[in-house]
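What follows is a pair of complexes built around chain A, which joins chain B in one and chain C in the other.
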Partner chain A sequence: MSVELSFGEKNFIQGGIEQNLRADGRQRLDFRPMPIETGVIPQATGSARIRLGSTDVIVSVKAELGRPNSHHPGKGKVVIYVDCSSTVGPSFQGKKGEELSSELSTALQKCLLGGSGIDLSSLILVEGKLCWDLYIDGLILSSDGNLLDALGAAVKAALSNSLIPKVNILPDLAADEEPEVDIIDEEYTQIDTSSLPVIITLTKVGKQYIVDATLEEESQMSSAVSISLNRNGQICGLIKRGGAGLNPSVILDMISVAKHVSIRYIATLDSEISTAEASSAS
Partner chain B sequence: MARTISDLFSKKTDIPFYISYIHKITPNQTLKQNNQSTLNPRRHRERDHREMRDLKDLQKSLNQTQRVRLQSALQQLQEIYSRASSSPAAAVSVSDCIHVNLEDGVLKGHGTTNRNDDVVATVCGIVERVNKLVYVRDLRARYKPEVGDIIVGRVIEVVSKRWRLEINYSHDAVLMLSSMNLPDGMQRRQTSTDELNMRSIFEENDVICAEVRGFNHHDGTLQLQARSQKYGKLERGQMLTVPSYLVKRRKQHFHNLEQYGVDMILGCNGFIWVGEHVEHGVDVPVETVKSSIENMSIEEQKPNNFTPLETRQGLCRIANAIRVLSTLGFALSVEAILKTVEWSISSNVEIKDMLLSEFCVQAAEIEVQRRILLTKRKN
Partner chain C sequence: MEFVNLQGIRLDGRRPKELRQLCAEIGVVSKADGSAAFEMGNTRVIAAVFGPRAVQNRSQKIANRALVRCEYSMAKFSTGDRVRRPKGDRRSMEISLVIRQTMEACIMTQLMPNSQIDICLQVLQADGGTRSACINAATLALADAGIPMCDIVVSCSAGYLNTTPLLDLNYIEDSGGGPDVTVGILAKMNKVTLLQMDNKLPFDTFEKVMQLAIDGCEAISKYIREVLLENTKQLEYRRGL
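Presenting the complex of A and B:
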């Protein structure tokens, strides 16, 4: 994504980060307000929409019956895919959009599925034969930086919004026969998202690093490190982007900062999700 | 299509609400956007403005009491407005009937069409009547330049003898080298050396301020001029993008907010510059020339020449006040902006908290108070 900024504006942004007062008044480690809506797509099993400033993403979860992988007969499957709508901006059209969407999809898979965030064994119905496949699809509606964090939070909100129907498995089952199932529409189970990690991206501009960078700030970055952390402060995934290299000591420092930020971030995310659930239920 | 859109909201809805619903889907606007792509294929690549959130988004993030407060504030504003204007403005939405006396003969203007012997609106806006002409003034339209407008724009191209600027209009604007004062301040013919040195005046992506000079009658391009010290390159600050109809044309668009050490330029095209105060008339342009001779700009020599923190605080506060007012859909006058800023300081609201929904609601209430005071003073 290209942002055109004049020298004076670039200097202003860099100066703001140096002086710990960014262009919209935030400090380096402040997130933008993050309103969440859940249940935005009625056809999906669960869905959520998150806005961070002008960044706007929707994530939907669709549960389908499938066959477990033969290597992991006791586990269900989760597939994450992110689509970059070309209506977002000119920079999302054609090849560039595809590159970004595959980059974001892999990053999300690594960050969220890395540290047993979703209990895959809970998705199994008949071992080796039948399981729930979760298709998690993200759609970027508008981009103002920090897409990965927003998507990560939206996945969490969408999963906690998901209601997976209960199934009756008909008992008379020969060894090589396909199991027959009966979906009960009124009864649901919820997915446990408490151990699902959150992603925190630290963007390095000059000597300092910031969280929740806007598009303008991202254009000034030398490198960015996305760290996914769970509730216990354990690292579940780590991705570095951007051209410039980083000292190991800087990365360690970034990790401790991210750990510190994550405590507050998880708390706000949880409260936002619960208010969204409450307002969508009413 | 038209029916369904107008069915979405009842006539009683406050104007600002339904505008936000039909934003981007009025037939007139889709038409305009189509035109744009044919007129200027580059535009799709260049334009990447992210407009700020609007009232509809804001309302979703409010809780029950905040919503009620905002509603009542907007209601009050509407009352003030309807009391101030002698005849209530006829607001129409798409496919609404416009009452005309066909016997007198009617000239249908912009935003109107015939349907079953009725005159109906094709855009949302206010019905205006000038003698026989009936037209609808859109409430949410793209910026339409008028001669003398002061605008803020971004250079997108340096071509022979001219700069091309993005100014939020359906075409790019053109600033000719000959229609600006040269840095040495002399009135003389521009030479080829001046033409070669154009990049030392403005480069690509520079934010500059200029005045609309007029339209070129041959190809319809918009010509700008910058014949004074107050126009020119803007540095050390941020540019905000707001809907252009929020900036009303007034006598004064340059504001030096002395108490904060900040310059604010309310461009008629909806680009607003908020930056550190610069003294005019001092040899700033000459320095630019010098630096171009040395082939190194002043800023590059002193990389840590940042805006002082105190100025930056005022600057960010003003910028956030503009963001809040634009979210609420209030006209951006310097009085309204300053009032919001002063109030936020006096009530100890942190700069970043100005963008929270609570402050938005409070800002709406303050605006109501300010307008009530204004009308009282007038009477």
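Presenting the complex of A and C:
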């Protein structure tokens, strides 16, 4: 995503951030409005679409029956994969978007799955033999900065929207036999997403840091730190991007700012998700 | 398998000569120069157009007309089972090519020499007829981008199952083994620009099925025209004319 800015525009963005009034009227620690739609992909187990300004992402969750990893017989599997659609811009056609896709996929896996955000043992059906595999697929339709936070929020919304069918496991199973299952229609369990962390990216421009940077603001950043925090204020993952080095004390300060922001952010996200769920149910 | 029951009703409750519910929206991708979403029943695609702009790759520059590029991709969650194919496989390449040729036929490329137009198509849900839905979405997106076109291209498919010609096949009917005729027409000039069929069919039946597909195209073109007119009215209203 190349942004071409003139000298004056760059100055305007930097000066605005310095004075706590950004180009779109927000303060440094304000998010853009975040409308959420859930259940946008009917054939998925759960799905959600989030728009942050012009940033537009869809996340779908598909649950498939699989076999647990032999090293972790008591745990299900969760795979996160992000795809960058060519509708983001012609510079993402073909394989050119893959760099960004894999960067975001790894970042999401680190931030969301690291701190036991999803209870993997709840996905197990028969220990060592049968479990649910959750495939979480993100698709970026349009990008205006802050993709990681938007994807993190969309994953949370899609997981809360997911209904995993209940299954009947036929008893009297010999040790080496494959288990037989019956999927019960119309009976579902929900995934517990209350401990799933949220991702907050602080972008450092000049001496200040901002949340929810637009594409133009991101082009002016010296570095960015994405911090994933859960409801209790614990850090579940952290990624630093951007070239410039950061003083360790600055990083600690950024974490405390993110912690402060996360309280309000989680509350907003929760209310948006419940509104979306209510409107998709009716 | 019975695709049409004795009362003449198809699996999804339609009559043989009935289209699925159409829904179009213009301007869904704000960063693009032109964009549109097009739904045909459960098939849902998004098209974004970038350009006309300077050619990125100089060796592809054409001195007397515009270069048209097209990319078709399917979302991982677009089908019932998760798509495991990588981006840019054979099938998507073929569809990209077909759509590019169809759109090139209506864009007045000679008016924009030395420039490039990119059409990006993203399938969100695939339930048969993605090819047609993509062409319809691309037409709307090109119109939204203000790119000069000599006519509106619309596309629709028709098939032949249980000795009945069927309009606008869904996924189950498409994989039912019968022929699938995809037609693209220039609506006003009444010319066929795209014609594909993938099975054997007697000549007189083919004529019937193709005529049915053309009738479907005409219905879609009427709808697309309405959507474009409504969009233009909205733009006019916003400019205060």
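Just so it is clear, the second predicted complex is superposed on the first by the 279 of 282 C-alpha atoms of A that agree within 3 Å, B and C clash if a C-alpha of one lies under 4 Å from a C-alpha of the other, contacts with A are read in each partner's own complex, and residues count from 1 in each chain.
Everything below uses one rule, namely that contacts are C-beta pairs under 8 Å (C-beta built on N, C-alpha and C of every residue); 3 or more make two chains touch, one makes a residue touch a chain.
Since the structure is predicted, the reported quantities are computational estimates derived from the model, not experimental observations.
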item: Side-by-side fit of chain B and chain C on chain A, or clash; value: clash
item: First, second, both or neither for A:Gly128, with chain B first and chain C second; value: neither
item: First, second, both or neither for A:Ser54, with chain B first and chain C second; value: both
item: Partner chain(s) touched by A:Phe12 [first = chain B, second = chain C, both, neither]; value: first
item: Which of chain B and chain C A:Ser142 touches, first, second, both or neither; value: both
item: First, second, both or neither for A:Gly74, with chain B first and chain C second; value: neither
item: Which of chain B and chain C A:Arg26 touches, first, second, both or neither; value: first
item: Which of chain B and chain C A:Pro90 touches, first, second, both or neither; value: both
item: Stretch of chain C penetrating chain B in the combined three-chain arrangement, among 8-16, 80-88, 134-142 or 206-214; value: 134-142
item: On chain A, positions contacted by chain B and by chain C; value: 54, 89-90, 142-144
item: Partner chain B, residues of chain A touching it in the complex; value: 2-9, 11-12, 14-16, 18-19, 21-27, 30, 32-33, 35, 37, 51, 54, 89-91, 142-144, 215
item: Of all residues in chain C, those that touch chain A in their complex; value: 29-32, 35, 42, 46-48, 50-51, 56, 69, 71, 73, 75-77, 79-80, 82, 87-88, 118, 120-122, 124-125
item: Of chain B, residues touching chain A in the complex; value: 44-48, 50-53, 57, 60-61, 154, 156, 203-207, 233-239, 275, 297, 299, 304-307, 309, 312-313, 316-317, 319-320, 323, 350-352, 354-357
item: Residues on chain A engaged by chain C in the complex (per definition of touch); value: 41-44, 47, 54, 56, 58, 60, 62, 64, 81, 83, 85-90, 93-95, 97-98, 135, 137, 139, 141-144
